[in-house]
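For clarity, chains are labelled A, B and C in written order, and residue numbers in each chain start from 1.
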Amino acid sequence: MRTAGTTLTALRERAPLVHNITNLVAMDFTANLLLAAGASPVMAHAREELAEIVAAADAVTINIGTLSLSWVETMVEAARAASEAGRPWVLDPVGAGATGYRTESAARLVALGPTVIRGNGSEIMALADAASGASPHGVDSAVESVEALDAAFQLAQQSGACVAVTGAVDYVTDGVNMTAVANGVPLMGRITAMGCALSALVAGCLAVTHRPRDAVAHALAIAGVAAEIASEHAEGPGSLRWRLLDALYGMDAEDLTTRARIEG
Amino acid sequence: MRTAGTTLTALRERAPLVHNITNLVAMDFTANLLLAAGASPVMAHAREELAEIVAAADAVTINIGTLSLSWVETMVEAARAASEAGRPWVLDPVGAGATGYRTESAARLVALGPTVIRGNGSEIMALADAASGASPHGVDSAVESVEALDAAFQLAQQSGACVAVTGAVDYVTDGVNMTAVANGVPLMGRITAMGCALSALVAGCLAVTHRPRDAVAHALAIAGVAAEIASEHAEGPGSLRWRLLDALYGMDAEDLTTRARIEG
Amino acid sequence: MRTAGTTLTALRERAPLVHNITNLVAMDFTANLLLAAGASPVMAHAREELAEIVAAADAVTINIGTLSLSWVETMVEAARAASEAGRPWVLDPVGAGATGYRTESAARLVALGPTVIRGNGSEIMALADAASGASPHGVDSAVESVEALDAAFQLAQQSGACVAVTGAVDYVTDGVNMTAVANGVPLMGRITAMGCALSALVAGCLAVTHRPRDAVAHALAIAGVAAEIASEHAEGPGSLRWRLLDALYGMDAEDLTTRARIEG
């Protein structure tokens, strides 16, 4: 059976190239998380090179965090290129529901066939029902993941994507089955771009693991266990951030499999 | 009496949404500082969603650090929206005086009625007298805060904003009265975007404290005391940065009030 | 004789203003590395102020990591301004060879007369022979520095620039002579933007040291020795990053000269 540990080992051995069109806040931490996990990140958003970059990449992350007109066009083009080239790609719909423009842009990308959509509860609910009008309260926010379970199923069925809603417990569904991941620590929520970096790690795992639901669950367990190890000595969000990178880098694959709390 | 401690407690309890249009260097540290302090940061610069974001925000930060034509137009629009919606907003005129374009852009924003302007000595002097021609020497630079006292008063009177000039001692004036804050450590100057992050924290405090001069003084004391605690074990700017976030996160509100060196 | 230690001392005493047009991933770490080393960083990319910024700067870094049409035009303009004003400037051709657009854009900049070109083996080989078609595998990647020695000589002779190819051992050539620098630790490769930050440090050293080949070798030794000191207590890439900044800040100039492994 494929475990979180075998996925981590595959990441380290194959060092997949993960192409990220992500937000301006998340770039540094995302790249560092991918490198610590063994993947090879590239950030690129010029339309002049998109086709070549996507073709070379093993997986793609598209994150709308600091979207703008021109970046959204690039994202749409990258999503199309990834789908056409058969590259797995992850959509991170940051702030969907917070503004009409975000919800619309995320919905356009959903329609292009992401392999995985990863968001928090309010983002997934907003996407499942653009008309739900979730009240905007930042992008780090609001709804418990468990409250978005129905929305996650619905979105997975509508879109054909595997949908992950992360929170105290993470839920991953392909529209039929559900996997729950119960790793991680609450303090992760005080590190900016943590969710964005998780989405990129999901992309990395998609490049080395066939079933999307496994790739997502393993990515969330890998980061969650790293955070648990890190939090043993962390005294706040500042130390948690660098300790998480150290823990991820040094993590034993078998120990990870033991500590991973994946059900379903 | 409102103290720095009560403001910190209010930040943590109310977790105000702080909308930042800030520079590309500062985004990561700014978001992490706001999260460590208890606020809820959002970075967004698309004109398509500005009105909604500003309306949802409790306070706004506008920082011209890596300005460009299109970002300045966005900043102007956000400043107008914030003023019209009655949202407190902070202007950080990074590098004003270093180039004509910066001085002009900052002056345009000053004219739109910021609640607070926070800069270093040379930036405040450049804004108070655009014709003063302060010689450009980076954005982390030059003039002692005390040398810019007259300029700060003058700028406050001209603009109606509360003006903060930060340095070894920070001075905050509404054009009539002056508050001095003597917290912090010199090594803060070796962390990029420290001033930018302070401006965002000022915005956070404006959202939970009525009088702007108090909000500014409290924000500067909160960050300054966190830096003092952090510097007890820091061995350089690398460790000071993450220790400051840890200290800010773990800081006791009463202890903060005791350590805050606010006068006037 | 000029040593790495005298260059570090000069950096600290003169605090040269280093203007960076660099990529979105690298900005934070680059600015922090320059500050820790004693230089004064400024990030600016608006064409409206380029001439003033370049004129005020002591050295310029141009890094194509997250290039786009408008940023490339700005880079070309900054390169021209720097060459005309006699300012030393460093080209970091991130990902040259990975896409046609990158190779072309880097080649345009090479033609404008950089003082130094710093890249990894595959980037330097791609630039030396745009037709070589090095297969794209991320920007942190591939070829050993020693394999690119011939390409480095060739590129230096073609361009008139001093060329540095960094890796396990760093090689620096002006087209005639070669200097090798054998400091640093492999874990540096797991920190995003490490190479980009090195390029900026090279720019800083160019501002205080006459011979480009010395400036480059000293910059690489300074960062390499800092990484060696940092790695004594680092447990992964997370701690190596902040410890490197602390080590750089606290480094003794004489000790640096002793530890620098510069040959040729």
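What to note about this one:
Throughout what follows, a contact is a pair of C-beta atoms (placed from the backbone, for glycine too) under 8 Å apart; a residue touches a chain by one contact, two chains touch by 3 or more.
The structure displayed is predicted, hence computed values, not measured ones.
Because contacts link each chain to all the remaining chains, their graph is best described as complete. Remark: rotation between subunit B and subunit C after Cα superposition is 120° (nearest 5).
Taking each chain's centre as the average of its CA atoms, subunit A and subunit B sit 32 Å apart.
Along subunit B, residues 24, 28, 241-242 each make contact with two or more other chains. Residues 17, 24, 27-28, 31-32, 35-36, 40-46, 48-49, 52-53, 56, 241-250 of subunit C touch subunit B in their complex.
Interface residues of subunit A, counted against subunit B in their complex, comprise 23-25, 28-29, 65-69, 95, 98-102, 136-141, 189-193, 234-239, 241-242.
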